[in-house]
Amino acid sequence: MKVEVRVYPKEGVLDPQGRAIASALGRLGHETVSDVRAGKIFFIEVEGDDPVAVEAEARKMAEELLANTVIEGYDVRIAAQP
Amino acid sequence: MTSGAHTRDLIAEHNLSAEEFARILEILGREPNLVELGVFSAMWSEHCSYKSSRIHLKKLPTTGPRVIQGPGENAGIVDIGDGLAVAFKMESHNHPSFIEPYQGAATGVGGILRDIFTMGARPIASLDSLRFGHLDAPRMRHLVDGVVRGIAGYGNCMGIPTVGGETTFHPAYDRNILVNVMSVGVVPSHRIFRGRAEGAGNPVIYVGSKTGRDGIHGATMASEEFAGDETRRKRPTVQVGDPFTEKLLMEACLELFELDAVVGIQDMGAAGLTSSSFEMAGRAGSGLEIDLSKVPVRETGMTPYEILLSESQERMLLVARKDRLDTVLEVFGKWELEAVVIGRVTDSGRVVAFFDGRIVADLPVAPLSERAPVYDRPRVPPTPVLSRGWEELPEPASYGACLRKILATENIAQKSWIWTQYDHMVGTNTVERPGGDAAVLRIKGTSKAMALTSDVNPFFCACDPYRGAAIAVAEAARSIAATGARPLAVTDCLNFGSPERPEIMGQFEAAVRGLSDACRALSTPVVSGNVSFYNETDGRPIPPTPTVGMVGLLEDVSRQVRMPFRREGDRVALLGRTRDELGASEFLRTIHGRDDGPCPDVDLEAERRLVELLVRLADERRIASAHDVSDGGLAVALAECAMASGLGVEVRLEPGVRPSALLFGETTGRALVTFAPGDESSVRAAAETADVPLDVIGRVGAGRLAIEMAGRALVDEPVAELSDIWTTAFARSMEESAEVL
Amino acid sequence: MSAAKPRFAIVVFPGSNCDQDCHHVATELLGCDADYVWHRDTDLKGADVVILPGGFAYGDYLRAGALARFSPVMETVTRFAMDGGPVLGICNGFQVLLEAGLLPGAVRVNRGLRYVCKDVHMRVENASTPFTRLYEPGQVVKMPVGHGEGNYTAPPETLTELEYEAGIVFRYCDESGRVTDEANPNGATAGIAGIANREGNIVGLMPHPDRCAEGLLGNEVGRRMFESAVSSLAPA
Amino acid sequence: MKVEVRVYPKEGVLDPQGRAIASALGRLGHETVSDVRAGKIFFIEVEGDDPVAVEAEARKMAEELLANTVIEGYDVRIAAQP
């Protein structure tokens, strides 16, 4: 079963990467871009077919490892991998 | 896999000529199967076989009292005493870097580092020699940014400092950039390893990353017909580097080398498992049996063809003593690396590959490695580019304005934007950081240090490949000697267009002659190197670019000499004579927008005498600073010493040649030295004995760069302003662009 | 080496690359004994001081220090630190201490999104830790940095606590000691270059004292951090 | 309007990050994890309320800057930012 964990800078935490990308996009002529926040996404293949259990396990992975909860938030969803 | 006669297309797709195929039939006495065809194609490719360059490379001087290992191994090695030796080599990763600059450059670093530590040496430094097109050419800033990030990403993670290099910009590289990386390692002279598969019965071990469908090149098309659509869809063209795995590989191998368990070892570079197994057997005159089903694979359904030709990174092939196999597996286990026995050494003189119990390739070793085809390709001698009349140009109104303009060009401007992205200090050996004439690295546990540099001026080579190549060696030797070190030996990376064109082979032959003559004159044998042909797009080749990497030895690191002026009041002297030369200079390009020749003259005997003198002056502690005069000429050299120190300089030049040539001409064989007034007589005496012209041209002063000729002020600029221009120009030019994050 | 001298333990994670540099300082330059401690070992071999060196533990894949903090050795290091033992994290070692929660806060990618290797200046804000006691309070020291993720930050309450509990050990500044934005190589909040826990025995910093500990390299100021540790342990 | 661009390694392309994370998760006791692939996600705030136009623009950004299309694939979707 495939699960997706998204990790992103917490509200209020300055995101240097998002900022740089936003200004670069501006210079590239995308003036309509007003804000960018850069995060990470993990496509995880987990054995087992109980979505509830798999999602719970994925949350644990995010808490323990995938996100640095001091500055990052995360969300988890069972999803198809690209 | 295949039956009956191969189609012409199939043979052509494997880049084999009809003659080469006929030769294969004769060697085998039968039709090769597809796997075997792939192996021949890879082993006889220009890259692996050097078939177009061999006869010329034979002319290079490759021996000397200090040479322990010349060309032919993974790296060359020279003795530096104290039971130590240095292993070094330069490699190109040009084409991959143009396709994907980050990964292309990163895997280039990974490859050359493997060449060094497979010899048993611990790498201590890398240098990157970069050629880009015009900064405003399409994708160019993106390429510069990606290449620099890639070199940083890999080298920094490995913990090998990138301590020097060079960066040139020339429109002729717009569609063929060059990424040459040199690495240097230190090895106990009694504990050198080589790529030899010796001892029938010894196990052959595969260690490192799994094998994927990465970079299966020329022959790709052909194999797909058999591997099917799946493969075609899945196979990536670009190899991705994994510096962490390589760091583990390096530490594991270096640990293993202490345990007397390894017989021979080689990395899987171009043509991966194929070249490593054939070369290891070839050097030892032995044979191998390998079972491809045992090779760890990253993807499903990989064919023997793909497994043999994959160029996945971070993989090594090694032969262990049979009685020490456990030790080998234990050490790799400790470093969490996958190590598998995939075969054994035989004395059959053949490499036999199995897959699922079937023989999929059975080939004689010698014809594929040592006795691969060699061509003497037709060539026409290059016609040197001469003056198109620059002698008639009016002298500029303001030499100061010229200097400011030249200091701001991407070729001359300081490259700190690049080297601050490289960890150039890890290892705590970097005594001279990037920015000097040559990087200097102390050798822990001794009083010694190594001086490292890479040089070539493509503008010179474009005008005259012979002189350009000779000057590259001379400039490298001068840069090394300016630190007080004695030039020891050379590695090269010969970047050219297509060898199938007589003009290109003409350039190549001339450049190799230039290298040979210069290396002989300066007693710096060539112990390793690399040839990169086919650097051209739509029939437009790069300028001949024979990059020279040189190592020098400083017996006593405390006698090192640096570039910056040291004390106000010190005398400033020019060693060597300035000729009326402006051909191929930054001045002509920047101020007049012309690329006239001729390439400056070179007097190799005079270069040798200058090197001897610089080494002696340093050894006798007679000079306070030294700097070689090259790109941008005397005015730029003076400015560099001033800007690096914050001190100024007052200079009086004798008339003789036109002022522009005096200030900005790039006459070879010159260096600047400074010394306390009290040492003038002894320095003069030393120069006389060495038969090197010496003119005291001025004194180190406060804040300004002032140059006058016959009472007339040519330049008078505040050093701080020049410094601001020189140090910020390149970064600004890069960071204003939207192509760069 | 003389028995009075303390023993250093230098932790080696897969991907550490300044372990030998720290070992060189402790042994060759200070004449102390030092052991490498492999990340899977749990025995600090009787060390008096523990150093987490720079590098790219586990390649810094995911986040600098994120994977290393799970190495078995970290339990031992934590126990050693909780018993008051002096622990110094340099660069990647600092990042590991942050990820392990032994020091508060986190680092983000540098403001300029690039790895930066150059000399910076720092002001000594706390000269009473076992690693800074030989510096003068307010002293300006020059040290090299070499990192891509040194942009320190922490939740407001943590920052306030650091300010008031003397948790900030070094701040980036200019040559004259002024904390300015230009002097800040990575965008770290409040110019924070190094911090300590409340007890002061755990110190982490981004710059590299190990790279400026001998005259041959043109700068010896970093050696004082190691000597501080030695002096703090010397029997009074 | 908020748009989400997800960038991930193409199939067959080595993903050292994903591999390292997968083995770390294994060591942490998540034995059910069989594979991890690590990608990036960008939360982009774009002015304009025509989803079709915004999505088209976002694709351009991905092609030009956000994704390295030689080794990375991407997808774009109009979505709520966390």
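First chain written, first letter: the chains are A, B, C and D, and each begins at residue 1.
By definition in this document, contacts are C-beta pairs under 8 Å (C-beta built on N, C-alpha and C of every residue); 3 or more make two chains touch, one makes a residue touch a chain.
None of these values were measured; they are calculated from a predicted model.
Looking at A-B and A-C side by side, the one with more C-beta contacts is A-C. If each chain is reduced to the centroid of its CA atoms, subunit A and subunit D end up 9 Å from each other. Averaging Cα coordinates per chain places subunit A and subunit B 41 Å apart. Subunit A and subunit C have Cα centroids separated by 30 Å.
The distance from the centre of subunit B to the centre of subunit C, each centre being the mean of the chain's C-alpha atoms, comes to 36 Å. Multi-chain contact residues, meaning those touching two or more other chains, occur in subunit D at positions 16, 20-21, 24, 28, 38, 65.
Shown for subunit B are the residues that touch two or more other chains, namely 242, 244-245, 741. Under the contact definition stated at the top, the residues of subunit C that touch 2 or more other chains are 58-59, 61-62, 67, 70, 113. If you sketch which chains touch which, every chain touches every other chain without exception. Interface residues of subunit B, counted against subunit C in their complex, comprise 149, 152-153, 156-159, 242-245, 247-248, 335-336, 419-428, 430-431, 442, 444, 557, 741.
Of all the residues in subunit C, the ones that touch subunit D in their complex are 58-59, 61-62, 67, 70.
Those residues of subunit B that touch subunit D in the shared complex are 99-100, 102-103, 209, 212-214, 233-242, 244-245, 298-299, 312-313, 741. Of all residues in subunit D, those touching subunit C in their complex are 16-17, 20-21, 24, 27-28, 38. The part of subunit C that touches subunit B in the complex is made up of residues 14-15, 17-18, 20-21, 24, 28, 54-56, 58-61, 113-118, 144, 146, 148, 208, 210-211, 213-214, 216-218.
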